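Before anything else, here's the structure in question.
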Amino acid sequence: MKQEQRSTKFGKYGGQFVPEVLMPVLEELTEEYEKYKDDPVFNEELDYYLRDFAGRPSPLYYAKQLSREYGVKIYLKREDLVHGGAHKLNNTLGQALLTRYMGKKRIIAETGAGQHGTACAMAGAAFGITTEVYMGAKDTVRQRMNVYRMELMGTKVIPVKSGSQTLKDAINEAMRNWVANVETTHYLIGSVVGPHPYPTMVRDFQSVIGKEVRKQIMEKEGRFPDSIVACTGGGSNAMGIFHPFIDDDVDLFAVEAGGSGMKTTDKEALHSATLCAGEDGVLHGARTKVLQNKYGQILESSSIAAGLDYAGVGPELAYLADIGRIKPRYSLDAEALEAFHDLCRLEGIIPALESSHAVAYVKKAAGSGELGDVVVINISGRGDKDLETVLGMNK
Amino acid sequence: MKQEQRSTKFGKYGGQFVPEVLMPVLEELTEEYEKYKDDPVFNEELDYYLRDFAGRPSPLYYAKQLSREYGVKIYLKREDLVHGGAHKLNNTLGQALLTRYMGKKRIIAETGAGQHGTACAMAGAAFGITTEVYMGAKDTVRQRMNVYRMELMGTKVIPVKSGSQTLKDAINEAMRNWVANVETTHYLIGSVVGPHPYPTMVRDFQSVIGKEVRKQIMEKEGRFPDSIVACTGGGSNAMGIFHPFIDDDVDLFAVEAGGSGMKTTDKEALHSATLCAGEDGVLHGARTKVLQNKYGQILESSSIAAGLDYAGVGPELAYLADIGRIKPRYSLDAEALEAFHDLCRLEGIIPALESSHAVAYVKKAAGSGELGDVVVINISGRGDKDLETVLGMNK
Amino acid sequence: MRIPEKFRELKKRNEGALIAYICAGDPTAEGTKEYVTALVRGGADIIELGLPFSDPVADGPTIQAGIERALAAGMTPDIYFKMVRSLKVHIPLVVMTYYNLIFKRGLERFVVDCSASGISGIIVPDLPAEESGELAGLCEKNDIDLIFLVAPTTTESRMKQILTRGTGFIYLVARLGVTGARSDIAGSTSELIQRVKTNTPKAVGFGISNGRQAAEIISAGADGVIVGSAFVDIIASGNDVPRRLEALARELKYGIKMAPE
Amino acid sequence: MRIPEKFRELKKRNEGALIAYICAGDPTAEGTKEYVTALVRGGADIIELGLPFSDPVADGPTIQAGIERALAAGMTPDIYFKMVRSLKVHIPLVVMTYYNLIFKRGLERFVVDCSASGISGIIVPDLPAEESGELAGLCEKNDIDLIFLVAPTTTESRMKQILTRGTGFIYLVARLGVTGARSDIAGSTSELIQRVKTNTPKAVGFGISNGRQAAEIISAGADGVIVGSAFVDIIASGNDVPRRLEALARELKYGIKMAPE
């Protein structure tokens, strides 16, 4: 594993498949990241913001009632309590701080439902860095509140009117802007995707989750858990909690969105389960598993959880799945909804629909023994943002 | 101060002005609370829930940019990061646990905008206690999302269709239900109001805020702050952060809602500034300061922040104001809105409109020197719930 | 007329008291005068006249609605006392109100106003005995009865305190639950009547709405029956009010008179 | 016709190349054939024929829209190669597409298909030199040019690597910013042209839309000019397309020919 981290690849996955204009800036970013990632001053400042601004460490909560109901001992890693309501801020704080250390003056990002955009806006405001977020014009209407949230924090939200006016167009537009402003601007990617060094860097910034779990579970159980379960869209909350356990005897379950079923047509997938059902391809700068048709056209993915609704996945996850170190699984929309309700009712915790996929898989698998006796579920975010979706489904 | 705590009063304020049916249950509650409040087992269990479930301690964050803008060194006590998004859970966890220790099976509560109801629902679910929340029928429509949130967590929300169908009717109805079910039911009051022992008990449960600040500010500044500023509706977040400093040389500012101006008619006040503009009276079980007309009829209060919109205030605050230990102040709606925007933009923290009143007062008073050099502001909650209000105002 | 006098008079006739509550000013001050007269005609022995307060936490929805109508129509303590003074009835009148209105007017002024306007007693549902010292002193000085409530939950030690302080009559809270729940009346209420050991007359209230229930209460040992919501309901209907108030009072009083020992 | 042959021919005439991009299948495969013919008539020396990919991150909004029209109309790699084979043009054709379509088809199969259908070169905007080893080998084996891009930001060490690997021509990304910004053309573009030290012809693209700009590029030392969006804009209009494509090509070629040394 160690060796891979030096190169731009994880086995055959990863790499840098980007327009020439961006290659130098990726080189620069790689160098700067390597320079600061073990720098004590950088890390002290980051730790400070993670603690005092983001509210870390997040608790590891023993979910007594849920454990009883599901028949396995369940701990919840409470990323829902992080400032902004999700794990996303761990990464945006890291990259925003790096932006400052690199002497860049501006952050751009793309966002779908607005979670990553909001986390960027928070980090941008905290560090006083100009922040601009590209968002599909349709998404800006659907997620009006998140747009407003970002704007309140001084972030400029740029509605992208090309194409389908959704996430994919926002990515294109952010890329174009980056190409035109590489010298001054850092492109803040929100998951363990994209070209090297992003998958490594984002994983490292999110690893604070798993590092905390190591300490916390030892305090509570005197041993490591038998398994860790995390929902997987791009894969940042999963890699964040998995990575510190990668060399340990702990089973790691990456739960993807099974959507309304594991079927695809020529244009779209009814799910977003890239590790489970994708094929090797190159998307957004990296070789990885991709949902694509026989020609290599990327499929529209689908999930009740906006944050999981992505046709790619982090290259490191593709690699770890290939070598059998992580176990790709999926939960369907309906299963995630049911788990969402379980956690609300039994524990008084409203999880994000994304995180509910992880909970749902535990519900499904607890009986089989596959998870062992002690499971940690990463509750990657809170579900207040999802109430309208859940409300709609229930009617 | 010590002596007052034993009696049911704070100077001339407080007491138990309730129907006869409730007197015995208040006696019982007082006894039980006295029994458990210093009980190590009870406190250990409460501490556990505060830490692992609620996410305490909440950070004390040095707001660099805000400090620069306002011209005084500002620390923010981050109750916005507590589970549920406000300080309310500190108290509901305490009382819900006490309910269990008392052997009662059911919690009832009233809620206006839904913040306290949501915190009750969370605590009720966490402890597996049947929870019912009374809410004015009009409020259930206006705050549909909060109703849904409570219901998701298994709480029964009872729309109250009598009277004005708002908070005051919900209080009446909850009281009636309590009267009819005193043996099995604990009435979970959400602020330092109501008859003894509530003002004392809620203050004690909220004192975790101030206790943390004592430690945190010593670590950061090596001394206590010159002043602490908290918004004040019923007064629970204020008493929670003030109480541990009551014998110290720290100025304590209770900032009320000045609404659209400090005027009243015979029926209503344009504000909710009870300490600043109220007169002695008896409301909801306690003698305290009250917004009332010349006959003693309670006025409709008003504020942009639903959580401050109350015609009474905790009796201990009335007492502390009388003896000059706390300084009652107010911020207008417009000032709170401005401070809300400041904090969003400068720090990437979206405060509750309630908390924004405290921020606004600091903005106003920093120049006068009244606050000294180092100020702690209690950010009692996050403002996601307020986006629609702010949005409406900006249009 | 003073309350003890009324109970002595009834005792002589071996008869229980009908105590009728309505809210002053619901729907108008003029209406109240007419309704009081109707209740007296129907046989009410004592009238409790509510002085409306904006936050009546001890009242049920029916009476709360009456209070709101009265407030909306402009009832105030000043108007209340003026109206009471103008009433021409020869039975005791009792004011029922919340403590804040008394507190705000000033305790002494309130009691003096009661006395001057012909009120014989005061009931304050949110004033427990513990907080009532000053008001009780003023009542005694002004020959006004201060009436206290006791409930099934009242402990023995508080009971003693209340019975020492209460004059006029003791207001027993029946907590009947649903109207007409016979077993309930027979059970907790008669138990409460037994528990209240005093020479002061005992009147039972909350949830009584017809003659049969009234009879049961009296049979169980009470000296009087308090009826409120049933009258306020009639007022709320706005339909043939004086006649129906009188008729209900008559039915209740008949039940009280006919109650088997 | 192979690309180097074309550049040799132009060199002899002391003339710069006009390289025209359109997207295959926009708005139909039949349309594309007609448009290619029009461009050739107008004087295009090389045609870049985009094979549309669902996520064209390296393209601007205009070309992205063209790609979306082509995909919506059903363009696929299979149809693409069939259509190219049926084209009767005697100038070099270059396929421009994203790496995933090549990767998915299989690198070898893709290159063989190019060769069989008469394509002379491949441009993959998201394939930097570092990742291109395998494809470059296959291209060499099949006599296909693999064309690389260089940008003003390209470092010296990467420049060397690219120039070693690239054949056919080097695609210089002008980053003109707003169309017509003269100072920009004169500055960073001519600087880039100087920096690219190679015998392989250099063509400059991105943002060129008229004859005057084309002339300036050639004057600055380029061997060719690449124009895409300006043609795709005409196609998007759907208005008198073949004639207007031809006219624009003619204007550009005229500018190129007339460019002062």
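So that you can tell them apart, the chains are marked A, B, C and D in the order they are listed, and the count of residues begins at 1 in each.
Simple rule for what comes next: a residue touches a chain if its C-beta (ideal position, glycine included) is under 8 Å from a C-beta of that chain, and two chains touch if they have at least 3 such contacts.
Values in this document were obtained by computation on a predicted structure and should not be read as measured data.
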Euclidean distance of C-alpha centroids - subunit B vs subunit D, Å: 67
Averaged-CA centre spacing for the pair subunit C and subunit B, given as whole angstrom: 37
For subunit C, residues that touch 2 or more chains besides their own: none
Where subunit B touches two or more other chains, by residue: none
Chain-level touch network, classified as line, ring, star, complete or other: line
Those chain pairs that satisfy the touch definition: A-B, A-D, B-C
Subunit D-facing residues of subunit A, complex: 15-21, 23-25, 27, 162-163, 168, 171-173, 175-176, 179-180, 182, 279-285, 287, 290, 292, 294-298
Interface residues, subunit A side, partner subunit B - complex: 51-53, 55, 58-62, 65, 78, 80-83, 85, 121-126, 128, 145, 148-149, 152-154, 341, 344-350, 384, 387-388, 390-391
Residue ranges of subunit D touching subunit A (in the complex, touch as defined): 53-61, 64-65, 68, 71, 76-78, 98-105, 125-128, 130-131, 148-155, 158, 162, 173, 175, 177
